[in-house]
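Here chain A shows up in two complexes: once beside chain B, once beside chain C.
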Partner chain A sequence: MVGRAPEEPASGAPAPPSPRRGGARTGVFQGRQRAAMYFSMLPGAAIYLVLGIVPSAATAIISLTNYTGVPGIPANFVGIQNYVQAFTIEWPGVAHSIIDTLMFASAVTVVQNVLALLVAEMLRRRVPGVAFFRALIFLPAVLGVTVIGLLWALIFNPSGGPAANFLRLFHVSTAFFGSNTWALPLVIFVQIWSSLGFTVLVYLSGMNAVPVELFEVAQLDGGSAWNIFRFVTFPMIAPSVTVDVLLAAVGSLNVYDLIYVLTDGLYHTNTLGMFMFNSAFQGSGNLGFGATLSMMLFTITLAVALPLQRYLRKREARIL
Partner chain B sequence: MRHRRLNFSVGAFVFLVLFCAILYLAPLIYLLNVALESAHQFLANPLTLPHPIMWQNFVNAWRDATMGVYFSNSVIYTGAATILAVACAVFLAFPVERRYVRGSNAVYLSMVLGFFLPIGIIPLFIESQMLHLYNNRIGYILLHIQGGLTLGFIFFVAYFKTIPRELDESAALDGCGYLRYLFQIVLPLIKPALATVGIYAAVAVWNDLIGPVVFLANNSLFPLTRGLFTFYGSYQSEWTLLAAGIFIVASPLILAFIILQRNFIEGSLSGSLKL
Partner chain C sequence: MSHRTPMAGAMAASLVLTFGGVGALAFRPAASSQTVKVITWVNPPAVTILKKINAEFHHKYPNIRVIFQTAANRAGPYATLESTSIRGNTVDIMGTGPIQPLPPHPSVNNESNEQLWATHGLYLRLNNQPWVKQFMPNINRTETYQGKLLGLVTGTYTQGVFYNKVMFAKYHLSVPHTYRAFIALCQNLKRHGVTPLFDGLQNVGPGYLGFIYEPLMQEVWRPHVPGANLNRALSTGQTTWTSPYFIKIMQREKTIMRYLEPNFQGVPWQSMPGDFADGKAAMLLDGSWDLAAVHTANPKMKVGFFPLPGSNQAKYNVPMVGGDLTWVVLAHGPNHAAAFKWLNFFSSPKIYQQYVDYVGITPSRIGGTYHSFAKNVLGKWFGKGVNSAVVFPDLPASGPYWDQSSNWPKLQLDVYLGKYTPKQVAHMYQQNWPQVIR
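Take a look at the complex of A and B:
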């Protein structure tokens, strides 16, 4: 499935290009050709530096200012004032946002991976139409957040949508994405729906790498499907588990575009990313405070991802 | 194939059919159904088959949402940003993989590092205003090169490894210039990689919604995503038109996915391997 894609980045940092003694090799393209080579590198290097590296690093600096983004209003260096604010006046909102973020991310990570394992296990068996099922489940990845968000807004339309009609059979009515109870679970559902296909593919490629003989032996020994999964499949795909769990955790902690379409952060779906976006770009446009929230999100992401990665790698080493 | 009977599972098949039908096919079919219904029928009974079939909804949605403008904007942004991203990535990746230039290691490490760093949307917004990239087409295109550039770089470095150095040397000996060598000899050899990176980058630009919200202010500059979202804001109750609009935006993507599925899946899997 992965084709000729580079394999090594899956485990730790990708290996740098094979080092050659003496640094740069000269001698192949010389003179004007060498100049052309340097010259052709310039646009990409400039774009990467100015629009890639600089903004990635500059969030920390912006978080120490009261930048508003409104032309004409000067920005001042205010030290840690934004951080003080986040932990004092703004703390109730920030605390709620942190809770929303952690609930969203943990639910997405767990449910998405359990469901993906189930689907991958089903796809692994030789059933007709595997390619079709796989493609259908992967399709949302190409649709993009706007189409996905509006599609589910149509289905969970509180007045006369199919979900509302179904619930009416049980004399239940709710505002769905406009409900304090249901908005977060539904946003979690849509997020899982849109990224499940990818998670399944990673598990599937892990399962396909397991030697068939292992399954045969287990089957001949009379292992039940559940026991084969538990003692053969699941341990053997430990590297895929690492990739899928980490990607789901980091991805879901940082998601806000889908939430922007579905609820705009209302009804207890105000994750830190969403809060950051709305602070910075809606209303008064408080870029300094937005950057502060961004730094908090980055810190939480590291605090979750690094121990998680260490745990999952150790687990791999223990099993394999 | 020997194990077909051993592994075939009716339970798995039934599970997959139900799972896909309920969660993946039904929503899409419902979308098409609503898109073809009259407003009257949608209010009375949206779950019945459209009668009469309102093809007119697509025409109205296209016209009322001024999708013609958004569509051509999307095509321009996606086309230009993708081509530039792929070109920049090739120009950077080749000399770095070959270590023909000083600082190759540093460039390589910084590109890998760039994968891990968070995208700073707030500094990017400030920069876009300082550099006059805000609210104009050229700026919007330049702001969308970054993603494809990093993915392409990592991807192409791996591909260039498979091209023997001797080829460079014999080309240089024969007096073939660097750029001509790159375009006429090297690029045809990495066509699959170009397609994969290009498609992956193009879909990302095409689908971006946060970008147009942050970097564009004029309606006439919006791409389809933002145009559709604006349409949603002002036509919230007219779901038949909206469904037709969603379908118009989704259908080129679905079509492209059916044709280019393999490339897309490959790009997305390798994009994830940044971990």
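Take a look at the complex of A and C:
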């Protein structure tokens, strides 16, 4: 409808005030109002510039130095030496980290979204007790990462924890977060558990926005529950799918905090985010190399997120 | 209401939020009293007694409040706390380890973080402090760089094997003096359905396998290198990681690890003393710093000690000792005067005795009488043994991946898990080692 001239009332009376009056190009605000609008945006833009753009640019610059952040130790420009280091003497660690990151991110993105869709579909129905289950599913989202880490470390303590005691009934035992085999799947599980509530919430809001008539028509046409979900619900919540998939993918590519409290990056859980944190702040205190890993992570995130976003947007446009 | 009123209101609110926020950050209330901030890693007995000492310090100096912060453990979160404290200017006294021996040619590429900070002037010189002469000169030397004493080494720890005397008596076992006897002892215990050894790697990582590989290196390899100083021999290239002695060490380490409790990688290191006190294993691989926690968990427990026998020649099997918690005053700390007062207070005879008796370390202060549980347990080995400084090199924090301090132990676990053979691991360490020691 944009650009089309408003229709004149049949009576010939003056047209009601139109939000587009004055031309589509000028928008709602004009003149001083427009200036005031931009002026009001300044504090937000300044904060974004200082806390978002400047640190990002600084990270790119620091990755070309041997900066440690330690007073008294000069920082020198070293060119691409940190990048060369990442692909030579640090490569065993970097290669493992990239693999760990991709495994973690793909598992979290797929499983979290599939599970969230199933849960949202169940919680969409207006049945007794549904509010309680909605709150229960969302509960982990309000817990801090440290609390979550402590909670699951206790549950998966191989020396007398509830999970170990349960497995003992079947004569099975494992080191859980200390196992090369199980640490990564368990960290993925905890990540999904902690984020599921928010993902479900987004899907639920999408489902609630679908006109009820569509479901009624589908039911009248004799559609099964699966077919209604497949041909009505899922296509109609395409924007929610875009949001949830992108958030899960980008969030899990960059994760380090949960891994830090659960395994500290040991036992095949050393994602690039974790490796970067340890390089910059914990082990070597080498901010230059940490920034290099950060730039690598940024590149991988872009390489995954941009095509994914383009695909999901096209899918939305095709469906809706 | 006109359009201007809400617009002007929003603008005013934005400006207030922006500049008011900045102003609030810049505002500092006038200090009515002083503070001294002390940080250290979590060692439960040490933390308990330090809290008491801090309270006594505040009682003596009511105008100085001690802000005490801890993080567990030295390989993990505490390393982060150290790093951020060094970069900031809010900490006065930091707990570290002794800096010596430094690499032959100290540089950013081969020093540990703590060595790097010490050699770059981030610790204050303490030579003129009143307590210095009361502490053993040989211990002070482990924290001295270019004639500058940079810290107070609180004492010396001993590491080895702590055993449950009642269990040993029950199965008629005696203290082993050779590697062969030790393995036979472990097999014997296993036959009786008893877990022979206990060690926990959760939250600390394979670095805690050091209770096995460090004594083995000391007993099997060190006697055969020039000057019996393995650290120096490795750091100068007189010996290499591909030495047949090191291969033998990793083979023996793998054998010993078979007698650890099931799933030891997932057992939290914090629970080791409690689990041992609870009778979950006959022996605990640990340092004397945990003895106080064992005693607290089970005051009636009768505990004995012997060095982990890695060699079949008993004369080489002696415990490892090393410098324990070392206090340094940060050059960028806000209150040097209060920091000096705190160190002086800590090192006074009565307070220091409290600390040593509670923590169980071997004292570094000259004279005094000490009565710790650890002293009774360690017996003739109290403070005696080979210093870790002549055994294991201080690995760099960055550089070749497998030679970094945080990554080196991972391969030791991989040998046990069968991912690599000892020979492969030896080559992985040696591959870029010349780059570390050049």
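The working rule: the second predicted complex is superposed on the first by the 267 of 320 C-alpha atoms of A that agree within 3 Å, B and C clash if a C-alpha of one lies under 4 Å from a C-alpha of the other, contacts with A are read in each partner's own complex, and residues count from 1 in each chain.
Heads up, the rule we're going with is that a contact is a pair of C-beta atoms (placed from the backbone, for glycine too) under 8 Å apart; a residue touches a chain by one contact, two chains touch by 3 or more.
On a predicted model such as this, the values are computed, not experimentally measured, just so you know.
Once the two complexes are laid over each other on the shared chain, residue contacts for A:R126 go to chain B alone; chain C is not touched.
By the touch criterion defined above, A:G52 lies against chain B but remains apart from chain C after alignment on the C-alpha atoms of chain A. Of the two partner chains placed around the shared chain by superposition, chain C is the only one that A:E90 touches, whereas chain B remains out of contact.
Between chain B and chain C, the partner in contact with more residues of chain A is B. In the superposed pair of complexes, A:F281 makes contact with chain B and with chain C alike.
In the overlay built on the shared chain, the residue A:G31 is in contact with neither chain B nor chain C. Contact with chain C, but none with chain B, is seen for A:A175 once the two complexes are overlaid on the shared chain. In the superposed model, A:G222 makes contact with neither chain B nor chain C. In the superposition on chain A, contact is made by A:G144 with chain B only, not with chain C. Shared-chain residue A:P211: touches no atom of chain B or chain C. Comparing which residues of chain A touch chain B with which touch chain C, the overlap comprises 33, 36-37, 40, 43-44, 47, 69, 71, 153, 157, 281.
On the chain C side of its complex with chain A, the touching residues are 3, 7-8, 10-11, 14-15, 17-18, 76-77, 79-80, 83-84, 86-87, 108, 113, 116-117, 120-122, 200-203, 205-206, 261-268, 271, 275, 280, 331-332, 396-402, 404-407, 410, 417, 419, 432, 435. Chain A makes touch with chain B in their complex at residues 1-7, 9-10, 13-14, 16-20, 23-26, 28-30, 32-34, 36-38, 40-41, 43-45, 47-48, 50-59, 61-62, 67, 69, 71, 119, 121-123, 125-129, 133, 135-147, 150-155, 157, 160-162, 165, 193, 198, 201-202, 205, 212, 215-216, 219, 242-243, 246-247, 254, 256-257, 260-261, 276-277, 280-281, 287, 290-291, 294, 297-298, 301, 309. Across the complex, chain C is touched by residues 33, 36-37, 39-40, 42-44, 46-47, 66, 68-73, 89-93, 153, 156-159, 164, 173-180, 264, 266-267, 278-279, 281-286, 289 of chain A. Here chain B touches chain A in the complex through residues 3-4, 6-9, 12-13, 15-16, 19-20, 23-25, 27-28, 30-31, 34, 42-43, 46-47, 84, 87-89, 91-92, 95-105, 107-112, 114, 117-127, 129, 131, 142-143, 145-146, 149-150, 154-155, 157-159, 161, 165, 168-169, 172, 177-179, 182, 192-193, 203, 206-210, 213-214, 225-226, 228-229, 232, 239, 242-243, 246, 249-250, 253-254, 256-258, 261-262, 264-266, 268-270, 272-275, going by the rule given at the top.
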